[in-house]
Amino acid sequence: MTLVLNIRDLQLAFKSWSGTSEVLHGISLTIGKGERVALVGESGSGKSVTARIVLGLLQELRGVQISGSVEFQGQDLGAMPDRERRALRGTAMSMIFQDPTSSLNPVFKIAPQFQEVLARVTPGISMSATRVRATDLLREVAIAEPERVLDSYPFQLSGGMNQRVMIAMALANRPALLLADEPGTALDVTVQAQTLDLMRALVTDHGTSVLFISHNLGVVREFADRTYVIYRGNIVEEGPTRDVFENPGHPYTRALMAAQPKITGGGLPDLVEGDRHYLEPRFVHEGVA
Amino acid sequence: MKRMTTILLANPLSLLGVLLVGLVVLLAVFAPLIAPFPDHRGAVVDFANFNKPPGWPHLMGTDVVGRDLFSRILYAYRISLILGVVVLAIAVPIGVTLGLMAGYLGGWWEYGLMRLTDVFLSIPPLVLAISIMGVLEPTLMNGMLAVTVMWWPWYTRLVYNITRGEKVEGYVLAAEVIGASKTHIMFREILPNCVPAVVTKMTLDLGFVILIVSSLSFLGLGVQPPTPDLGSMVAEGAKYLPDSWWLSVFPGLAILIAVFGFNLIGDGLRDILGADR
Amino acid sequence: MSLLSLRQLGKSFQTGAHEVRALQDVTLDVADGECLAIVGESGSGKSTLANLVLGLFPPTTGAVEFDGAELPVVRTLAHRRSIQLVQQNPASALNPRRSVGASLQLALDVHGIGTSDTRPARVAELLRDVGLPEDLARRSPTSLSGGQRQRVAIARALACESRLVVLDEPTSALDVLVQAQVLRLLADLRARHNLTYLFITHDLAVVRNIATRVAVFSQGRMVELAETETIFTAPQDPYTRRLISAVPVITEEEKTMRNGLSQS
């Protein structure tokens, strides 16, 4: 099976005047072609920095120490010049952020923002060609009036609509890998459910691989094929989503599952924050690719 | 606080600022002990030694009536610092209070106070000071008054902007729900959050006040002779350039050192306190 | 008997030329000691309802009654004392430049609870009550975790010895493990101090496990009000059904239940 993303023993530390703080302690993660993989963890676990390393956003900062390897479609991102790595962003890999409304530029209408996205692959694309292509892309994300949306400013559209525009833009250049950082968290549940359904259908159609980063267990359960659980910069459990959720092997994963309130009731569990068992070695489910 | 000091001193530029300002303050405070000719701060004439270039015992030379320049600069520092501190001690509480009221109370308070502030901010500070001094007598007291009048609106504007941001924070809502008074919310809840920015601005402003007072004195509207003032010394000395260069260069350097030092500390504080608004 | 009653409560806001009806004609009784969940999405009017109960702005129509008496538009200190609030964002709810102890003592000072000698002891007691060590009083909130801060915010609401606490999304900014602890604490406190909760949230899974009754809001109206069990097993309003079937769930049991609802 060809790997779109292959992260091996990735370590990350931030150096500052007060010393070095280690954020990732050697995490390994793979994503195959067309696979939807979730990285689930609490705030500060290191899940978002992982996505930023894959996008190459951290490598260029001062005081950042990275070791281990990140291979994207067989190419080592660490060995790549900054310029080439930047060329991948928005073309071969793209990202969807948590808050759709603030991810779009409020002073431009949607159409020119689309033009900018498409010009990454087709430099100098005309506005009329942009509109034709963007109309198709917006129809894909079930936007009924693409023309109206293209002529709107982001603040004139609802949060759910902006999120769809973001998804359409992220998939516009048919990336091999889509990084989704807490998508839909800022949206209402009913809108969130629709958005995720739509996103799943689209990535399946295009064979796009997804790294789905979230703290929301329910959303991960519904979206991902495989799940990695991250705790304090360590992957503590990995496996097919169904196995991880129905038969969690690691004490930390078990605590997470128990802590999630259920709509079927059953009361509130008693839990200890930062239990020492959470640091036990990684648990790997059988049947991992 | 201790941690803050450590960070401030770890930055080479801030450290330089602290050293410069420390030097200026020490020179000013201990002027009577350090100055080789303490009585030269007043109306003394020593024609035997007039217009001497730097040397011994007159480290920075003497002026046209034979007074020791170094001694006069030390005393000028004293007056500049006192002036700066007094101006800020009056302008800051007024400016901060009005800023808190405009920002927190809103409505007509906000409208009235901020328009008043705009009026003051739209007049060039030096012009305002000159006109005040023109109407009143050009004395030290009036100099301070003039500078104070043009200084408070900057603090009103600064604190107003911060207060508008803090007003929507949860802790303000919490205090309102508890039933705390408006005075409590403004001065005990919001004000502490303005302190970093205000302190930073005060440090920067100490340098600027010294500069403004010097400018006024340069124009003959500030500190009056024979009291030593850096600005009037530069002005006086400028007449004898380039031959008696020390007459204006040393007072000029003295202004530079003080203003530069305060600015370096201010920049350092702004970085640490995150008061960049 | 009901502790809080909303009588035909409504609120409109004037935005530019047109009027936005944030809340319309809500009549609702909250019984003494119950935990009533107010559920809805953005624009449902649930936050407006909370602000009206807290007296942060006056209603356009109707009235709020507390303990049998109508609350005035301008609340007195005694009124403020009897209804308290826990907010969503623990990061902003505590003043970063005042110590935890000072934030807690504010309520005691404002309402003259105890004397200046007894107040520090009361602050320590409040911290213990929410499961925090007493020496936290001297610390700055910036050195606390999100969960600890939210506990302090809860302790502050308890300081007034109010009978009604409005909980505005109290756990939605917290991680799932911390959320579980804070929910447990809230449930314990309600039992210990006989508190009444108005629990405002969009998270139905949380509601299921803590509320006694649920009021579902949509576009400024209350569309359904029922016992928690009834809302989840036999929801009447189509919107309620849609809301429940959109909840992301993690177990097969939940999926079965959810699918059952969306088909009915």
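Order as written gives the chain letters A, B and C; numbering starts at 1 within each chain.
Please note the rule applied: contacts are C-beta pairs under 8 Å (C-beta built on N, C-alpha and C of every residue); 3 or more make two chains touch, one makes a residue touch a chain.
Keep in mind that what you see is a predicted model, and the values were worked out from it rather than measured.
Using mean Cα coordinates as chain centres, the one most removed from chain C is B. The count of contacting C-beta pairs peaks for the chain pair A-C. Spacing of chain B relative to chain C, judged by their CA centroids, is 50 angstrom. Taking each chain's centre as the mean of its C-alpha atoms, chain A lies 32 Å from chain C.
Measuring from the averaged C-alpha position of chain A to that of chain B gives a distance of 52 Å. Within the complex, the chain C residues that touch chain B are 54, 56, 75, 77, 80-81, 83-85, 87, 89, 92-98, 103, 106-107, 110-111, 153, 156, 160. Residue ranges of chain B in contact with chain C, taken from their complex: 169-171, 173-181, 184, 188-189, 192-193, 195. Only residues 42-43, 159, 188-193, 196, 215-219, 221-222, 245-246, 255-271, 273 of chain A touch chain C when the two sit together in their complex.
Residues 41-42, 146-147, 175-181, 183-184, 187, 202-206, 208-210, 232, 242-244, 246-254, 257-258 of chain C are the ones touching chain A in the complex.
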